[in-house]
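See the structures that follow.
You will see chain A twice below: alongside chain B first, and alongside chain C after that.
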Partner chain A sequence: MSHPPNESPSLMRRFFNSWSIILPLPGLLSHAAMFIVIGSGIALALAYDVNKPYDALQVMILSNPGATFIRGIHYWSSQFFLVLTGLHFADQLSRNGEREITPGSWLQLCLVVPTLIFLMISGFILKGDRSGILAREVLDGLLGVVPIGTSILKFLFLGSSHTLQVVYLHHVATATLVLLVLTLRHGERVWPEPRSIIYVLGFSMVLAAVFTPGLNAEASGVHVRGPWYFVGLQEILHWTSRPIWVVVLGMAGFVFLFVLPFVPKGCSRKIKCTILACLIVYLSLIVIGIFFRGTNWELIWPLANS
Partner chain B sequence: MNGGKTLTRYLPPIVAAIAAAVSLLWFWASPNRGVRKVPKVMGHREGCLVCHLPMSGFEKAHDPNSIGCFSCHLGNPFTMNKSAAHKGMVLIPGNLDYASRTCGTSECHPLLSKNINTSLMASGRGLVSVDRYVFGETAFPNDDGHLSKLGDSPAQDHLRKLCASCHLAKPKTQPAPISQISRGGGCTACHLSYSPEASAALEEYKQTRKPPKTHPSLTIRVTKIHCFGCHSRSGRISTNYEGWHETRLSPHDVTENTRFRVLEDGRVFTRISPDIHFARGMECIDCHTWREAMGNGKQYFHEEEQVEISCEDCHPLRKPATLAPSKLEGIDQNIVKRREALGSLSNVVLTSKTKRPLLNVTVDIEGQLLVIGKNSGKVYHPKAPAAVCSNQIPGHRRLTCQSCHTPWAPSCIQCHTSYDKEGRAVDHVTGKQMKGRWIERRAEMFPRQPSLGVKVLDGKEKVDTFIPGMILTIDLNGYPDGSSKNQGKIFRRLYAPTSAHTTSEKGLECQSCHIDGVVMGLGEGLFSIKQDASSSQRVIFRSLFAKRDEDGLPQDAWTGLWSARAGMVSTRLGARPLSPTEQVRVLRVGVCLICHRADDKGIDKIYEDFELALGRLSPRCRLPDQLSVEPKTPGK
Partner chain C sequence: MHRQRRKFLWWLGGGLIATVGIFFLSMIRGILYRIKAETAPKYLPVDLPSGVTFHDDVIVYRDADEFIIMSARCTHLGCMVDTRQGEELVCPCHGSRYSMDGKVLTGPATRNLARLRYRIDSKEKRIVIEPPP
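Here is the complex of A and B:
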């Protein structure tokens, strides 16, 4: 236990203690989710065509139930991976785990965050539908506000605007390899725990069958949202006329995360509280974006569109 | 205890594994998974077409083989599961609430779906502001308002329960052919056309729930039937146009008789003379443009501001401005492509008011102006204005064409509106039954010549036709709003400008205006010239109707003889009845016409310099005293 013997455990520690009674730790589940995502992604690549992504997915959804099911597993396990990785970070930070590893290892783990976000967004872009195209445009816009090396950055991450080749390459190879390298080194095992695999795969299969991930068919884009974790960003971009602040805040978050082991514990605690507060605000923005925004991002009452 | 730990450890993954297996089976068992080939339209696949093709009834532009089902009806085209496919579907795609996602997407009609919201046919803006003005809720009849966004003031409640069904923004809720009682439905209100097969398919669907195989067509062939439902009410221009005048008879009062016509809503009409354009076979859209109907993006208060055509466009006094079809842009260009009859025109005439193209009006190589029926393709040869119009006889420069070419308009001279708080009525905004209803009791409507009054158009005064828009009392005593301003009785005597759509080929006789009480705004009655004891002559007007206590004017009058009415006199800002000066001008000619008929030989010379002619009056002719002094102002 990382907290002093006479100090009662924090709310977050109590949450993770209860979690561990019924479920494997978030880190183990996240590890399993990563392998399921990679495995299902490899299978999915057989039915995917990067030259006509939108059409390939339509044909898949409408006439290839096997590939659709695997796509569902890929989608849901990736959502689990994102959430469980976040929880794993929270679990470790709540027990000051960042102080138990070397600075180099910590830097690698911090780099998991942007890599994972890029993987998630690139996967969303690869749908090739209206929402995917808009997500690509948003990412392109954000890279465009970086003051130096804009065109190189855009080329490296997104490639030509006419094709998704580079995005696809990063999604299935570069970023996935980087993620594997960054994550596998810090863990105690390479292969995931079987029980965690069953959990994540089981839930992913159920969700894939019941909530088959679809495609956006609207042509005009008046009713298009990004992926749920992107909606908070959309909300921020709606409010600010200077998207550079989004990039600055994102980098500041990364720096604050990275310096945690190197500052006094009191200061570290304040930074963690600040990060938590920012996450809560971001989650609120996601809720607003999903439930309170309608056509052309206008404020509406929930269910007004239904 | 160990058993419990084992259970905690292994039960969840076992449950997860079973659930996964069941879900896998369920997924594979879901319907229509055997589909191998899915049609591609508008750049995407559509599962809808697997079930719904073949579907007949469409014109080429809206053929589902080209645009699919999703483009209009939304839903989810990327699933073969029926309920998932139909989730989020819209039954009536033209409803303006979601037209921007259906008819108005960037691939289809984005400008029209944007502009339509500014159209008066969608908002009823002028209607709302005039009603609120009459109820005393606003200071001017030019105010903002929308029939879909009404509050709960007495005027707005009045509109909700009586008027708010007649506008394009009212959502249509059930598919049905366009009829006399159809209301709302946005784009589909005008552009949907049911063939007999489509109607039969709809009826069969209602009974069997089997998906129909014939769809109503979506068409630019808008017919008078589409306009009739809404425009047979209020100003009743659709019925006027066809020569029908509303009576107070009930359907039981009339036998099968060509003199009468019973509408689907039970109103009984009697035959009067139709508009010459109707008699020649012209439809509403042969004159009116898409910009007038669907808006041009500008917000107008009243119909006469939104209308861009004028009689002079087809009956010009001078050579009209034209445009080569190759220079047409956007929607104009598309319309010409869609309408076969317009494809071969060498030029199109521009409106004199807005300089926008009239796609079916052209000048042929001989300089003859032609109008092409947009639906029929029939060629019309509009007559040039008569010499009397082109010569601009003195004193008539301010007159609009319809001042002389409107033989009749329905005129209602008395209406009483009260509120029954115990009654119930449908709120046309929400579609729900609400407590309280408005009761309108009106007198017989007369098919009589409209009055002439003055209105301001584009900053200039014009003499135009007016009808008694609102000679009414509003009894607000029953209205459940306790505030004092919403209590008591309101009396109004307002005339409204009208474009009656009863155009006659020949202009009216001079005497029908110059010595007519109704036309002069005095109401029905007789003029006479009386000589008094001092042997001076005076013009007397005896009205047919009794005077009202509220203002001392006869029931049907707009103004009194020699009296000027100002302030709240019309439903339009700046509009007014003829002033005493103008009455004198009119009657000075009128009294001459008693003896000297307008068609007498050489009579024109008198009017070439009327003042000079009056100075040379023979001893037998004598002007009444009130008319003997030349009025100074206003108007020429």
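Here is the complex of A and C:
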């Protein structure tokens, strides 16, 4: 690959080299996942009621196994999409792929990260259950700490507080279109590779059949957990009284990612190591939040409550 | 041909400006609605039970004839404080705890729940809660 002949490949390169022997590359799988998410999302949009989201989903879960199965595929393929996009970034960064494309293309790819995060969290909000409502309030609060244009930002992303209309519009149309524009030119192909579709769809179908994503079961708890990828953020926010630092760090992370191709290789390597270290810390916080955080916000041993 | 293309582009540009204009108008309308909703007075019945009761974004603590009326918005990040555990109010998002009269007990919040001004409308037998300043 891109490492010099006398230098042994890094652990990450060895991981992705082994990966490519068994599975299609993460980028191809991620491309396939995106199409499955969009396809299943179109089918789901028919059954969704923006005025009574929770009721509509409850009726669907109770009375329509076909739609519930499609919702399961939508959910699981979106989780795959998130993870595979992360792995695709890691794969490309480990081989200095960011230096092989134009600055404009790299900026577009960096913008995929906030777009994807917004798509994931808006999907979570659209469940309309208590955890979805609270996720919306947290997002509203985080936009509220931005010093300028707070009202416009809040309305632009979340709309009026009494309806999910704007969130729904962004989830099914605006953000999805932005994502397509940002990614399709990069992939240099419109339709995903058939083998990747089979893998992602197969795994999503199996998981949808076995684990049906439900609505919030802890409706009266004093600790409502966010989606797994935001549990780390929830932990950070639990420990900090100044949420503005979370916004500042998020923006700093984006800037560091964007400047990677424009700084000397040694510096770029250090930034990558820092990003990797931050990611490991964040993943550890997710593990703590999921397995060690009790229903009463106290730290517990895993399975202590069960 | 050239004139036709120019005409088409004018129409296209006009349409685009109109679309963006409509979008911004609806956005301003939405913001005004939001402000209006936040600044409208709220009404609650005066015969509330003793102790704590939750009413959307308002918490009422009643002790005999004394009322303490607070915003239910957590002062940390604006989540709705809608649960009570023993003698404490708990924010379900990040675990801030408040006493029954809204004083912060444990973080991450550092400020007490905002007290809301109110008056008793004895004629209509209701509490009129003024919007926060």
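Keep this in mind: the second predicted complex is superposed on the first by the 300 of 306 C-alpha atoms of A that agree within 3 Å, B and C clash if a C-alpha of one lies under 4 Å from a C-alpha of the other, contacts with A are read in each partner's own complex, and residues count from 1 in each chain.
We adopt the following convention: contacts are C-beta pairs under 8 Å (C-beta built on N, C-alpha and C of every residue); 3 or more make two chains touch, one makes a residue touch a chain.
Fair warning: this is a prediction, and the values are worked out from it, not measured in the lab.
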{"item": "First (chain B), second (chain C), both or neither touched by A:Ala208", "value": "first"}
{"item": "First, second, both or neither for A:Arg195, with chain B first and chain C second", "value": "first"}
{"item": "Touching partner for A:Leu134 - first (chain B), second (chain C), both, neither", "value": "second"}
{"item": "Touched partner set for A:Trp239, first chain B, second chain C, both or neither", "value": "second"}
{"item": "First (chain B), second (chain C), both or neither touched by A:Phe69", "value": "first"}
{"item": "Touching partner for A:Val59 - first (chain B), second (chain C), both, neither", "value": "first"}
{"item": "First, second, both or neither for A:Gly159, with chain B first and chain C second", "value": "second"}
{"item": "Chain B and chain C contact sites that coincide on chain A, given as residue numbers", "value": "220, 222-223"}
{"item": "In the complex, chain B residues that touch chain A", "value": "8-9, 12-13, 15-17, 19-20, 23-24, 26-28, 30, 33, 35-38, 40, 42-45, 47, 70-71, 74, 76-80, 100-101, 104-107, 110"}
{"item": "Residue numbers on chain C that touch chain A, as the complex places them", "value": "27, 30-31, 33-35, 37, 76-80, 83, 85, 90, 92-95, 107-110"}
{"item": "Complex interface listing, chain A residues touching chain B", "value": "21-23, 54-55, 58-59, 61-63, 65, 69, 195, 198-199, 201-203, 205-206, 208-210, 212, 214-215, 217-220, 222-223, 295"}
{"item": "Residues of chain A defined as touching chain C within the complex", "value": "130, 133-134, 137-138, 140-142, 144, 151-152, 154-156, 159-162, 166, 220-224, 234, 237-241, 243, 296-297"}
